[in-house]
Each structure stands twice: as structure tokens, then as C-alpha cells.
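In C-alpha cells below, several structures.
You will see two complexes here that share chain A, one where it goes with chain B and one where it goes with chain C.
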Partner chain A sequence: MKNPLLLVLISIVLLPLAVRPAIASEIWIFAIFGLGLNLLLGYTGLLSFGQGTFFGSAAYVAGWLLKYYGINVFLALGVGMGVGALSALAVGYLCVQRSGLYFIMLTFALNQLFYFVAYQWTSVTGGEDGMPGVPRPAMLGIDFSSPLVYYAFVSAIFLLSLLLMKRIVESPLGKILVAIRENEVRAGAVGFHVPRFKLLAFVIGGAFSGLAGVLYAMLFGIVPLESISFVTSGNVVFATLIGGSGSLYGPIIGSVVFIWLSESMSNVWARWPLLLGVAFVIVVLFFRGGVVEAWDRLFSRRKISPSRSAH
Partner chain B sequence: MNLLFGQILNGIATGMLYALMGLGLSLITGVLNIPNFAHGALFAVGAYLLATVSGYLGNFWLGLLIAPFGIALLGLAIEYLGVRRLYAAGHDYQLLFTFGLALILSEGIILVWGPVGFSHLPPPILRGGVDLGFTFYPKYRLFVMAAAGLLVVLTYLFLEKTKYGAIMRAGIENKEMVSLLGIDIHKLFTVAFALGAYLAGIAGALTAPIRGLSPGMGVDMLGIAFVVVALGGLGNLLGAIAAGILIGVAQAVVAAYWIEASTAVIFAVMALVLLVRPQGLFGIR
Partner chain C sequence: MGQALLQTQNLTKSFGALTAVNDVTLSIAEGSLHSIIGPNGAGKTTLFNLLTGTFPPTSGRIVFDQKEITGTPAHRVAHLGLARSYQRTTVFPALSLLDNAWVAAFATGKSWDGLLFKKSSSYPEIQERSLHALRDVGLESKANQPAREISHGEQRQLELALALAAAPRVLLLDEPAAGLSPEETRRMVALVRALKGRYTIVLIEHKIDIIMSVSDRISVMHFGSLIAEGTPGEIQRNPEVRRAYLGGVAA
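For the complex of A and B:
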């Protein structure tokens, strides 16, 4: 893992050879979603179980505008990020005032609010049937309807998101968020307005979620009700934890594993979430730390590094 | 006007069930300091267990007695075999674990009882209604109100008047101190989880004849239990009752005029309360 960025680039090129372009696109879309969550979970130490709120809201709003007003793809992405950020601002405002377990429960409960609104507002969202007919309009002579072209587009957006997130976590803002994770009281004592920074992390994470939501809606041409449900919120948490929330690249690895697993398993057995549940239980009881840490452990067993044994 | 009174009564009945859910969750969450995402699934399995046991024995009352104990045992096993190993892990892994359990339980429900919901009749003696003067009201709902009320009172007496209840409250306040005083904190954790699971199980069992059974009932209830705890405060009995009844009545009254919004309103009420009082109804952090 000397140069993770290079590995990501190679994976982007190789992935469509291994899986269908649609699945490959879904993997990077989910990785964008995971990057946004991990700013909260990994860097700020905020476990949000409501990221589906921003993902789904953005997908509905931008999908609606694409469908009925024929806006162009880039405008749709911008709208998605805006809706994601705004909904995250509203939800975050209520959540960051509470901490710990209350915070987790509030993000879930507010997710339910958005879910039930989408569920019942059938004239707009289509309720349980979802909102079909989201187009991928051609732009600047590029025909996005081809799966591979769209894959390239998604990959480019994913790379940009990754670089942007890298900048964010390496910036002073990123350091402040880590300081809040490590010791909230001390971060406050040093003079940082902790709730405001938490909210900022929430809004940035929401924008990433919204971006992913729009890309997702355009990928499948539909906004399924599930996209705004706790299932989506849970999946991104699981994918991030599978990959390991301790690093920038964790959620990317997690997305590859999670989407690939879920797409291949859900075709085999409709009750595959049962196996997922069993897997969670086993992973938590025996393999905490995710893929990245498991890799590290495997690696360090072969070649014990002095810095590690010093811990 | 009579419709409104009837709906307020309905709201109190479901609100008491919400309070039971919140109370159980708040015991587990408060004492063990873990996010219990399996709480809704325990509720759902409780309902299904009631339907099966009372169907098998041909007696609703035995089912109501046995099913929640089954859930308490399940809770005991969950704590003893799994949650116990996770106290040192972060909330993220605890969440992954309890959510994994919820997936196993809710998919298990579909495997055992099928994906299609069904209804479950109350016992013959509680079918039909009684005339309350201003409205004709189903007997079973009155029973639920009384039963849930009794359970809340019993939980209150246990927590406030018994020694072990006092230890449990102390466990919510300060685990280290309780442990330092020579009390077996692990046993306390197991008891708290089993008791919380019991309350979820009996809330599910009582709900079955009102709303019927469906695989999705657990997750819907999970969100509601979170609302009760967020508004009422961890380990706050009065808070759980007030929050349960508040959202129960709000839901029932809205359902009378705008049925589509009746579930969303639960969460909207929570958002509104938190907007005015971020610390919840009784100001507990």
C-alpha cells in the first residue's frame, strides 16, 4: 500500500473487466458516499446512521428536475450536492447538540421522518414503487447513456471527490475535526466551537452523500424508495466499517467489498441479509478493525515493524 | 368531537406501548451504554412468538405470559454471548453487532413465518367494544392501556423501591462507582438487557392483536423507541411515559384528519420538540 492513489487508478481501469459497468459504477458511487460518511465517522468520531436522508433527498430532487425540467448533468450534480448539504444542515442542527448514543438515535429517527414523507408523498416520489424515468441527458456531445461512458464519468467524479476529501482531511479543518474526535472538551477549551465544526462536517458529508445520490439515480434511471431509507444509511456505515474507518481509503475498499458482495448475493438468495447479519456478528466478535487493519496485521506479522511494536 | 376523543384514547393506548418500548430501550442503552438496534426486532419476534404460542396452546393468556419470557431469554443470551465482549469496543462495532442481530431476527421472521403479514385476534373475552358514554370503544385497547400501565408501574416500583432497582439506576449514572462498591456489574448488565428485552417482547405481544403482524413491524418500532428515548432521556421513567403518550396521541389525532402523515408526525413532533428543547423534554443530557 505504498501509493494508494495509484492503486485506486489501477482499480478504476481494471474493475469493468471484472464486473458489469453498472456494478462498477455503483461501487465508485458508493465510495463517494462512504468518503462523506467517513469524514463524520472516522475523522470527527460522529456515528451517523442517517446518511440515507441526504443521499435520497438529493436523488429525488435532482431526479425530479432531470425528469421534468431536463436540466443538464452537471447542474443535476450541483443541485444534488446543494440538497445534500441543506438537508444535512437541517438534520445536523438538531443532532449535534446531543452526543454519543443520543446522536446515533437522532440521526436514525430523522432519517425515518424523511423516509415516511417520501413513502407517503406518492404523487412526487412514487411511494413504494420509486420514481422511475430519471434520464442521463447527453452533454457537450458526450452520450452518457452508454454504460461505459457513464462509468468513465462516474470514475472521474469519484477521483475528484477523493482528491477533494484528501485536501479536506489534510487541511487545518481536518485536523480540528480529528481533535474533536480525540478529545471534545479539550478541542473546545483550545477555542474551537465544537458544535459548529461538527455541523460543518455534517454539511460536507451531506454534500458528498447528495452527489452520490444523484449519480446513483442517473445510473439506474430510478430513485427507489430504499435510497432514502435506513437500509441505505446502514449500508454505507457497514461498507465503511468493513473497509475500516481509520483511513481515507477504508470506505473505498469497503464499497468494493460490500457492493460486490451484495450485488452477487442478492441475485442468489432473496434472504441474503440474513447472511449479512451473520457476517456482521462474526466480524464484530472476531475481526474488528476492518479490511485495512486486517491487512496491516497480516503484513506486520510477516515483517514486524519497530514503530508498531513500540505501541 | 367523539371521533377526536376516541382517537385520543387510541393515542394513549399506543402511547403506553411506545413508553414500554422506550423504557426497555432506555434501560439497555442507559445501563450498558450501547446502541441497541435489535430492540425493534425483539419487539417483532415477541409479537410473532405470541401468535404462535397462543395459537399452539389455544390460549391467548398463556401466550402473553410465555412469549415475553422467551424474548427475555433471547436478550439474556444476546448479552451473555455477544454484547458482553463488546463493552470495550466503540459504538460503531456495537451498532454493527446489534444491527446484524436485527437482520438475522427479521430475516428469520420471514423464513419462519413468511413475508406476508397476518392478523391475530384478541381473546374472545376482549373482542367487541364497550360503551364509554361518549364513544364506543374496543375492549382490547382498554386492556392494553391497563396492562401497559400496570407494567410501567411495576417497572417504576422495581427501579425506585427495590435495592436492585436502585443499583440499576446507579449503573446508569456511574458504572465505575457501582463496580467499585463491589457489585457485579456484569450481572447487572445481563439483567438490564433481559429486562429491556422482556419489555420489548411484551410490547410486541400486546401490539399483535391491534396492528397484526408483519416483518417490517420491528424497524418501524425501532425508530419510535429512539424517539421516546431521545425525548424522554435515558433511564427516565417519567420521560418515557410522557414522550410515549405525547407521540402516541399526536399520531392518533393526526391520523383522524390526515392519515398519510400519521407516521411521519411522530418524527416531526420529535424534531419540533428538539428545536425548542435540544436537551429533550426533561432536560437530561
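For the complex of A and C:
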């Protein structure tokens, strides 16, 4: 894996040959979601169990605007990022005041709060039935309703997201977040207002989640209630850990594994989550750094890169 | 010696029934090396925690450069020009030595422009300052090694580099030689001596011979209170100090 970016590009081209375009799209959408989570989980050391809040909120708001106001696709993405960032600002503000288990429980509890609002507010969200009829309006002569065109669009947005996240983790902010993960007290003592930096990570992660949420709603033409539930929050944590939370590319690999497995196995074998369970146990027991670390250990025998730590 | 740069007035900190720092009035002259000694549990580290804003005092004031800074939180104290090293090594293990210093240098840097998108290598001044801090403590050759891979002695040096990288006006060093071998201790003493005069230094140390050889002034704490202050010579002759120390050893 000398050049991971090149590998990502090749995968984008080859993936539609292996799976249906809708699934291929879902993989990169979930990868964007994972990139956002990993800024919190891998870089800042914050296990957020409530990323579904931002994913779902953005999907509902942008989905509503697409459906009833016919806004264009790019505006929808912008709205999604905004809603994701704003909801993350609100949730993050409350959560960064606490640490450890209390932090995790707060992200989870607030996720439940959003979930029940969506569940009860049936006139807008459709409750348990979800919000159907989210369109992918054509724009500039591009017909997004074609699955392959939409796949190309999702891939482009995913690549941009990846480059943006790469830029962020290589910026001073990336180093500061790792410093906070490594030693919160010292990070404060050298002069960083730690809660504010955690909040910033939350907001950026929220914007990525929101972006993924809107793309997801447009992909399936519906915002299912599940998109704002803790299951979604759990899945992204799960996928990221399987891929490897210690590296930028971990969540991408995790997304490929997770979506591929869940989509291909769910039709064949109803108890496919067992496989995920086994994969998770193997990761936790032997490869804390996920697939990325397993690859490093088995093939290149490189030392774990300095940006990674033993959690 | 210059005028007072850092002062405390009747500084007190109580944790419940325990008064860890009791009515301490202290004045650190600019450019001096002022040591604080005392038996274990005398309240020295608590005093440092108060000075750097880890927690606020129960009563009393802290004045830095003629401005009252009592109750200023730690992350803002760093920006005022007070940097500390810790008694127990507390660095960023996964980061390289250079990045350790870099983060500390960036924190107190002039501008945070490009915080989210500039490459960290495109801050030449921060880069230079952090390299300089590593050079000062003699770790330049290991700049790219992760902090968790270096020896305990070297981590103590890195601890100091983190404080230096902030380009502070006052260095608060909490037992920089804690847990070092005699050879490493000698190197650390040479290092502290080299820093003397360039910074105003407040030093906590247990090893009396180090204190006597490097300090300009010494304050002695016992059960949270100051019991003596003076030059090394005066402190050495002070009967009360001897009693406190001998008592401390016997207990």
C-alpha cells in the first residue's frame, strides 16, 4: 500500500464491476460517514456513539427540501453539511463537558432523543415508515436518476471528502487532536482549550456525517427511520474499528467490508451478522488496528506508523 | 537581579480539612533561579498547580508581571508566558519528539492561521522553535522518533523541551531529575544551569546538592507553609530548615 490514494481510485473504477451500482454508492457514502467519525474516534480518541444523529437529521432536512421545494442536488449537500455541523455543535457542546463512559452515554442518549423526535413527528418524518419520495433532480443536463451517473457523482464527492479530511488531519488541528487523545491534561497545559478543540472535531465530523446522510437519502429515495437510530451510529463505529481507527484509510476499508458483507450476505443467510460478530472479535483480540494493521503485519512488516497508537 | 516577575500573596489552597498550601507569600525575581524545597507532601507541587491554573486557590492572589492572574485557567496561563514541566513524565507518547515540541510551540504561537488546512510543515517559525527546544535539551538527533520509544531519562529531557518550546518567560520545573540515574542527573543539572539566566526559573527539587549548586534563592516549605527563604548559604545555616529536613527523614 505504497500509494493508498491510487488504490482508492482503482477501487472506485473497479467496484461497479463487482457489485450493483447502488451498493457501490452505499459503500463510498458510508466511507464518508466513517471519515467523519474517525476524526473523533481515531484522532481525538472520542468514542461517539451518536453519529446517527447528524446523519439522520441531515437526511430528513435535506430530504424534505428536495421533496417539497425541489432544491438542486448541490444545495441539498450543502444543507446536509450545515444541518450535520449544527446538530453536532449542539450535541457536542453537551458531550465534551464529560469524558470516558459518561461521554459515550451522552452521545448515545442524545441520539435516542433525536430518534424519538423523528419517530413521533410522523407528519414530517413519516415515523416508522420513513420519508419516501426523496428525488435526485437532474441538473445541468446531468440525469442523476441513472444509477451509474449517481455512482460517479457519489465517488467524486467521496474523493473530495477524502482529500479534505487528509488535509485536515495533516494540518495543525490534526496534530492537536492527536495530542489531546494522547494526553489531555498536557494538551491543556501547553495552551489549548481542550473542550473547544473536541467541539471543533465534533462539528467537522458532523458535517461529514450530514453529507453522507443526504447522499444516502438520495441514493435510496427514502429517509428510513433507521438512519437516525443508534443502529446507524453503531454500524459506523463497527465498520471503522474493523477497518482500523488508527489511520485515515481505515474507515474506508471498514466500509467496503461492512457494506459488502451486509448487502451480499443478507440475502443468502439471515444470520449473517454472526460473521460480523466474529470479525469484530478477531479485530478486538488480535488486530486492534483493524484491517490496516493486519495488512501491515502480514505483508509489509512495517512498524506501525507514528500517528497510530495502541488504544 | 531584576524586580519581581511572579508573586503570590497569602496564597492558600485547602482540600477539605487538608490545607496543602497555607498562606504563602512569595516573590520570584526576574531572571533568577528560585528553588522551592521541602519534604514530601510539603505542598510544592500544589503550589505549582496553583501558579499554572490547574485549579484556583482557596484564597490569596497570584500576580504575574504586575497583572493579577488568580483563577486564570491552565490553557490561558500558558499564553501568558508560564510554562511548566511535570514531576511525572507527561508527554504525547504517539507523537514524534519533534511533534511533541511542535504542538507546544504552536499552542503559544503568534497566529493560528490555517489551523484546519495548512500543512504543519508550513509554519517555519514554529518548526524552528520546536527544533531549537529539542537542540537545547540534546534530543535533536531523535527528533523523528515517537516519544514512547525513548528512554526514561530522555523523556525527562523531552518534558523540559515541551516547556521550552512555548518560549516562556517563566519556567516552572517540577523535579526535573526525578528518577534519573546519577549520570542522567548530572546531564540534567548541566542543562538547567545552561538555561539559567535565559529564563526566570522556579525549580522544585529534592536533591539538596543540586539545589545548593544552582539556585540564586531558596524558599523552604513545610506542611504547606513557607518556613524560610534566603540564599543557599543562609538556608544551609538555618536551624529551622535543618529540623524540618531531619524530621522529614526520620518520619
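Here is the rule we use: the second predicted complex is superposed on the first by the 281 of 311 C-alpha atoms of A that agree within 3 Å, B and C clash if a C-alpha of one lies under 4 Å from a C-alpha of the other, contacts with A are read in each partner's own complex, and residues count from 1 in each chain.
Criterion: a residue touches a chain if its C-beta (ideal position, glycine included) is under 8 Å from a C-beta of that chain, and two chains touch if they have at least 3 such contacts.
Note that the structure is predicted; figures quoted are calculated from it, not measured.
In the superposition on chain A, contact is made by A:170 with chain C only, not with chain B.
Shared-chain residue A:285: touches chain B; no touch with chain C.
In the superposition on chain A, A:160 makes contact with neither chain B nor chain C. In the superposition on chain A, contact is made by A:188 with chain C only, not with chain B. By the touch criterion defined above, A:274 reaches chain B but does not reach chain C.
In the superposed model, A:98 makes contact with chain B only, not with chain C. Shared-chain residue A:178: touches chain C; no touch with chain B. By the touch criterion defined above, A:10 reaches neither chain B nor chain C.
Between chain B and chain C, it is B that contacts the larger number of residues in chain A. On the chain C side of its complex with chain A, the touching residues are 52, 54, 74-76, 78-79, 83-84, 86, 90-96, 99, 102-104, 106-108, 112, 114-120, 123, 146, 162, 166.
Residues of chain A that touch chain B in their complex: 41, 47, 49, 94, 97-102, 104-106, 108-110, 112-113, 116-117, 119-120, 230, 234, 237-238, 241, 245, 271, 273-274, 276-281, 283-285, 288. Within the complex formed with chain C, the chain A residues making contact are 167-168, 170-176, 178-179, 181-183, 185-194, 204, 306-309. Note for the complex: chain B touches chain A at residues 29, 33-35, 82, 85-86, 89, 91-97, 99-104, 106-108, 110-111, 219, 222-223, 226-227, 229-230, 234, 260-261, 263-264, 267-268, 270-271, 274-275, 278-279, 285.
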